[in-house]
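Consider the two complexes below, in which subunit A is the common component and subunit B and subunit C are the respective partners.
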Partner chain A sequence: MSDMVGIVIVSHSNDIAKGTADMVRQMVGGEVKVAFCGGDPDGGLGTNVGGIMDAINDAWSPKGVAILVDLGGAETNSEMAVEMLEPERRGLVVVCNAPIVEGAVMAATEAAGGSSLEQVRAVAEELSAG
Partner chain B sequence: MTLQSDTFKSLVKEAAEQIIASAAELTALDQAIGDGDHGTNMRRGFQAVLTKLDTIGAQPLDEAVKMIGKTLVMTVGGASGPLYGSFFLAAGDALSHKKLPEDLAAVFGSGVAAVSARGRSQAGEKTMLDVLLPVLDILKAEAGRADLIERVRATATEAVARTAPMQATKGRASFLGARSVGHIDPGAKSSCVLLCAVCSTLEARQ
Partner chain C sequence: MLETSANGPFVTGKVRLEHAVGMHARPAVKLTKLAKRFQAQISIRASETADWINAKSVAKVMALRAPRHSMIEIKAHGEDAEAAVAALVDLVATDFPDVGP
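Let's look at the complex of A and B:
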């Protein structure tokens, strides 16, 4: 499945992250790699840079990875995680400015059609543009 | 690098202990205008720094400062992790080719620039930058003055109070809009706690 953009879901809550990933898998199917990270390093509400890096690597595809986040800290921590990846992977990961659930489903649907990372991001971000 | 290794370790230890001691206050401030996790997150991050203190203290200064940054990034678990982490990562980078004390303002400035870039934030937005930027100005303007430590402490303390009337436009507090006015910013407060801890340690060693 390496010819499809991977999707990573980052929430402050493990339940939201996992639930969103479940929805994506059910609605889009299993072809697109979906990984998630929810909660802080102690398992409470929050975010976790190491966990986000692991999720990016789990969902890795040569076409890149699109990340969907919930609130500000998830975005900041996701950007930090991207910068800490191996240099050759950094340019192939984007954090989408989109609502987490709708964005993840739309991004995965677009990815399933073999679209590029920029196309996947654009489709997710159309949701924010209204 | 002229900073003695044992002085550096004392600085880091005092800063971490002061953050841990302030955790309840930081969380209370954050409950007023944020999501109420700033103290808990900072305590977790600086506890991790304390755990690694001997390893950190055994590194060359630039690597030691970067290790603090990486530890905070990986353990804090909120936006303050990447923000403080970026400060120390960038300051550590700067230390690899700059000298203390003469380049202190440049090193500190590298850290502040990284915070600004990471948070896409500027002065006046009710954030930690509203403490870090005035302190940077003092470091630039008054480097070498005998009372520099006292000036830094006074500047940081006054700068925290000045965040109260500001309206937040960045971070979670921005959701509150005008309701964020009247509360001091938790990130500004934690920056002040760290700076004051450094000042106290340096004074004690003079």
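Let's look at the complex of A and C:
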């Protein structure tokens, strides 16, 4: 549905990215768009900017997209992917400072209620605020 | 097992948690999602001595860690408070059934 913030999961591992996306779909339901990107094109560990941009497009919503990442390069490549979007879409994508699995489930739960991108991000980041 | 009463500006309800593992992740997500469908401010607590928490905050509901057989109290105020409490009591009483697609 287009009136809910979309969720993108970026991990170095395709298994983790896919597993996290499965968890979100099973726990929260199918109404929130969830896309994932994990591993390098050869099947090893890694992240790539092109794959992240594809995932952002898959999860795209006019309300925006929240990205959940695991480590290092997942974050920097996600930020790079955001910068490479058209200027008018850049402001509608945020990388959340949150644990990837818990953050994705909480963000999707918040998104399912029709919340704004800022609210979705705040809920995901509540976890890190401890 | 459950009661609903109008108490001042609040509508309140009580229901025993029968879910085998208590208020864990999936029940918490379902409860929060349902609560968000209502305009009313909704609070819940899992014991009479606990602080009330916002039922629309998934992180807080998950952190309840309410064990099986806890008595969940729900209170709400706002236009649709009565419907909200009834729906949430029903969700807990029916053991968090899967709904929708």
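Note that in this section the second predicted complex is superposed on the first by the 130 of 130 C-alpha atoms of A that agree within 3 Å, B and C clash if a C-alpha of one lies under 4 Å from a C-alpha of the other, contacts with A are read in each partner's own complex, and residues count from 1 in each chain.
Following the convention adopted for this analysis, a contact is a pair of C-beta atoms (placed from the backbone, for glycine too) under 8 Å apart; a residue touches a chain by one contact, two chains touch by 3 or more.
If you're wondering where the values come from, they're calculated on a predicted model, not measured in any experiment.
Of the two partner chains, subunit C is the only one touched by A:Gly30; subunit B is not. When both complexes are overlaid on chain A, the residue A:Leu127 reaches subunit C alone and has no touch with subunit B.
Residue contacts after overlaying the shared chain place A:Met84 against subunit B, while subunit C stays out of touching range. Shared-chain residue A:Asp3: touches no atom of subunit B or subunit C. Legend: residue contacts after superposition of the two complexes on their common chain; A:Glu118 is shown touching neither subunit B nor subunit C. When the shared chain is aligned, no partner comes close enough to touch A:Asp22: not subunit B, not subunit C. Taken together, the two complexes place no residue of subunit A in contact with both subunit B and subunit C. The touching residues of subunit B, when paired with subunit A in their complex, are 35, 37, 40-41, 44, 73-75, 77-79, 81-83, 85-86, 118-119, 171-172.
Looking at the complex, you find that subunit C touches subunit A at residues 25-26, 29, 32-33, 36-37, 56-59, 100-101.
The touching residues of subunit A, when paired with subunit B in their complex, are 40-42, 44-50, 71-73, 76-77, 79-80, 84.
On subunit A, the positions that touch subunit C within their shared complex are 27-31, 105-106, 109-110, 112-115, 123, 126-127.
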